[in-house]
């Protein structure tokens, strides 16, 4: 890798790299995202290598490990270029067939194509699959095309062109462009990014700092992880442009320790950028100097809060402090600090490269651009989706997500993580943008979207979030620490059939105080899941309280397991029951001893006859 | 069975790790803890005391920080680590059932280690592999779409290996 | 005025100028009015202690009096109260700057909001005046009653005067 | 330069950067606060010193201990919302420290009765986790205590739950503790606190304890005091002084 000392250097090298990569070049791309890796995608690479060699295709077809394609449910994913053919759930034993049939023979391996679970229709090309068809991929666009470890790959796709352009524009114009683009922070609250930069730029003090918030703490969200793992240079480029506009010479990336692969890939990208002169002194001959360090989080959700993150980088307990002073005035090491999250930074190169007007055309007037969501839970096509802002919830859940599995009924979608809320079916047609979600009692958050069906109990979900938050509260404020503890306890009472209308009164009273009197956003938004549940699913709570009944059949204390006459006496449930609560002889109807039953649900899971009944 | 005594800590190794960070730099604390844990798989008391000395801060400060973050462990962990992801997506797809079952089968509570130090059972609040939920991580390896039916085999294989 | 107690923690000598009624008495407080202590007039009745404890601790709390009458031979008594030293040892040793000079009365006053009750000042005063109250766990000392010292007001022998 | 703030419509002078709680208290307003101490930084832990901000960009309920006075700031110290939220937070504190006279007195005054279950053991009975002991111990340079853990599992205490390294037995932690929950025991022989015993340095005249040996050593080393600084106790110093005064008066 040469060291670029000017834009000309960079462009001539880019030319050279791109020349070796004709668009019709043949390639096999194996997804190496965390999801596909979990399904064993790493094992595919050596098999492909061997098979390609055997078929004398080595050197003729490039083999590439890429970032996450988003369709994690169907992993491991293999993409064949230039056709754009997608094979799903590929196992090592499938590889010889792919090489023989497709790569050598030019025939499609039908059985590995994606098939719509409802219509049964098979799709050959990735872009035709409903999951991808309704998406508009910007930040994730290059994830499936490039090898995250290769700076060449990024450069070939136009990487760092926006940086060179930014240098030519000058910091004021870059700032204007970002302001004009209407970009809002993708980390949660949706503050105007350009405005934020402007405040930091205007703060007195030459030694400014920018931070990339990669502490993606919301459970059920993995957008930032996939962006860093799949396209780390796009984040670096965004940070470089931001640093240039703000006038910062130091950067930090604060990344979750739960993401080892992302830490590793980002570290490599930083090293490569440094080697190429894209980080350090006098970048591309512009006179601008910038370098950054990676800080690993210690496993604390609250460190996603700006002041807590700063404390953590400074080596202290991640306890938020009162603002003002804001980080832009006095942040990390007392210096003016600007913090944006991964996805926000990754949007910046697009804005500079294509211009604010182009960017503004995507999305809605007040929520411009695209947003990545992690579409998970009780939905057919789980994975990462990137859509223009303003698209409806229904389109995301049903058109892209393919609806609810097992013919069950949609119940709610939870957005915004622990600070967000659950929206019921009646809200499926609202546009997904920053302001509408807040108005409806949920939140964009960082982009977690958890779909729930009729077998999800909303009391259980509210209790789940309270449990999460009381665990993640830093413990500073009485209202948050003890208030959330008490709220969790009250919801436990409801779930275990000890609740009364008085319990609900206490819940409402506590929720009000926790929201009004906690210091940071963790506390003040912690009751959002509770409030949205009270608002939209009150009937379900009342069923627990008045009738001692859990309609979704989840709350253990309110349900019983029995075996009905579908039982063929296979004895599997009796064998697997940890309490030996099931009696019965072979080929005879089995019976559950209710006194011994601990409602672990294993019998239900193992029964092949659908003979276990929950009431 | 009584818990095995924590193994003696290689102080030379601790000092070597500490020497990678400038003495007296209190701001390096979280990074120091990461490095120490990468070596010892937990944070031995002796190592924390040496870290306090090296960074010129009090033991109480080091202890306060080490206990704040969920990712740091102050007790020796088992040879194998079973982690149940408790993210929202995993939760709605049945993670609590898996945890209950593991607690029963391994006879330890979440966060605990079997007395013979063979397995530690942990939970994590989300590892961002939500599409695979419910997710069980055994020694860093992800097992997606886990069920109560498939779980016992997996645990058995881990335990057997632990005894060999 | 006493010398700097922090540099010489013990009063090695008391100025001979303080000898007797004709000589300048022990003068406490500096600006407009001062507390003048005249041991030669003291009759040892301890009314000043009682008055002080009333002013600061309520009745029956003699232990909290911030002035003490000590016998000094046959029918002789010396009242020990704070000399409001310049460069005072108590203020210098306080780790949280809880002892500061009141601009108006020139008395050294313990801020009960600032005192952390560490006890360092208690044994620092070379005259043994600093007192640590076991109940409130705060340091206590004479504050000239904010400009109207009860001890002087009630002394029947005029051995204490605020003038 | 002095600035003006308005508390319950009353104009009050303040220095820029002063804590609003301090300004209000000086002006005679009664705002309860348990975790506040002038000598250390405010962290806003107890959430009782609530006021309502009525000016500026971010109006609403806020703690006053960690709010800085700014010119033109308008706050009110009493409203139904403030009373309600204070009462709820007091109830939460009372569950942790049912034995604290301060809390019981406040509860009686505000008519607060606990309706909820107490949280799990906080390690030290009646501790409200305000960290005043931690902050004061740090301010004194001992750094023997820390906030440990987080969330509902937060505790306060020395490292590793063992006798506190750095502790000199000064007892300031107990002095500032709003619920007086820290256990310190003085016998003629020694002082015991945080699982450690401290020998006293004794009066060279009467033999009474003056200060713990460790505290004396710390003060002499860190504050540059002479070796014999703590050699005589308070009453003995008084009688010595009285003798010396007598010798010059008569």
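For reference, chains read A, B, C and D in written order, and residue numbers begin at 1 within each chain.
Going forward, contacts are C-beta pairs under 8 Å (C-beta built on N, C-alpha and C of every residue); 3 or more make two chains touch, one makes a residue touch a chain.
Model, not experiment: these values are computed from the prediction.
Colleague: State the pair with the higher C-beta contact count; candidates are A-B and A-D.
Modeller: A-B
Colleague: Quick check: how many Å separate the C-alpha centres of chain A and chain B?
Modeller: Those two chain centres are 24 Å apart.
Colleague: Using mean CA coordinates as chain centres, what's the chain A-chain D distance in Å?
Modeller: 44
Colleague: Mind checking the centre-to-centre distance between chain B and chain C? Centres are C-alpha means, answer in whole Å.
Modeller: Roughly 60 Å separates the two chain centres.
Colleague: Would you kindly tell me how far, in whole Å, the mean C-alpha position of chain D lies from that of chain B?
Modeller: 36
Colleague: Going through chain D residue by residue, note those that touch at least 2 other chains and give them in order.
Modeller: Residues 147, 149-150 of chain D touch two or more partner chains.
Colleague: Among all residues of chain B, which ones touch two or more of the remaining chains?
Modeller: Counting only residues that touch two or more other chains, chain B contributes 64, 68.
Colleague: Where in chain A do residues touch at least two different other chains?
Modeller: Residue numbers touching two or more other chains: 300, 317, 319, 471-472, 474.
Colleague: Dump the list of chain pairs that touch, please.
Modeller: In this structure, the chains touch in these pairs: A-B, A-D, B-D, C-D.
Colleague: Within their complex, state which residues of chain C touch chain D.
Modeller: 6, 9-11, 13-16, 18-20, 26, 39-40, 68, 70, 72-73, 76, 78, 80, 93, 95-98, 111, 113-120, 122-131, 137-138
Colleague: Contact residues on chain A for chain B in the complex?
Modeller: Per the touch definition, chain A meets chain B at residues 34-35, 37-39, 72-73, 75, 216-222, 225-226, 257-259, 295-301, 312-319, 333, 374, 376-378, 382-384, 414, 417, 448, 450, 452, 456, 461, 464-465, 468, 471-472, 474, 576, 578, 600-602, 605-606.
Colleague: Give every residue of chain D touching chain B within the complex, in rising order.
Modeller: 134, 142-150, 158-160, 164-166
Colleague: Show me the residue ranges of chain B that touch chain D in the complex, using the header's touch definition.
Modeller: Residues of chain B touching chain D: 45, 48, 57-64, 67-68.
Colleague: Using the touch rule from the top, collect the residues of chain D that touch chain A in their complex.
Modeller: Contacts found on chain D: 43-48, 50, 60-61, 63, 66-68, 81, 84-85, 88-89, 92-93, 95-96, 115-117, 119, 128-129, 147, 149-154.
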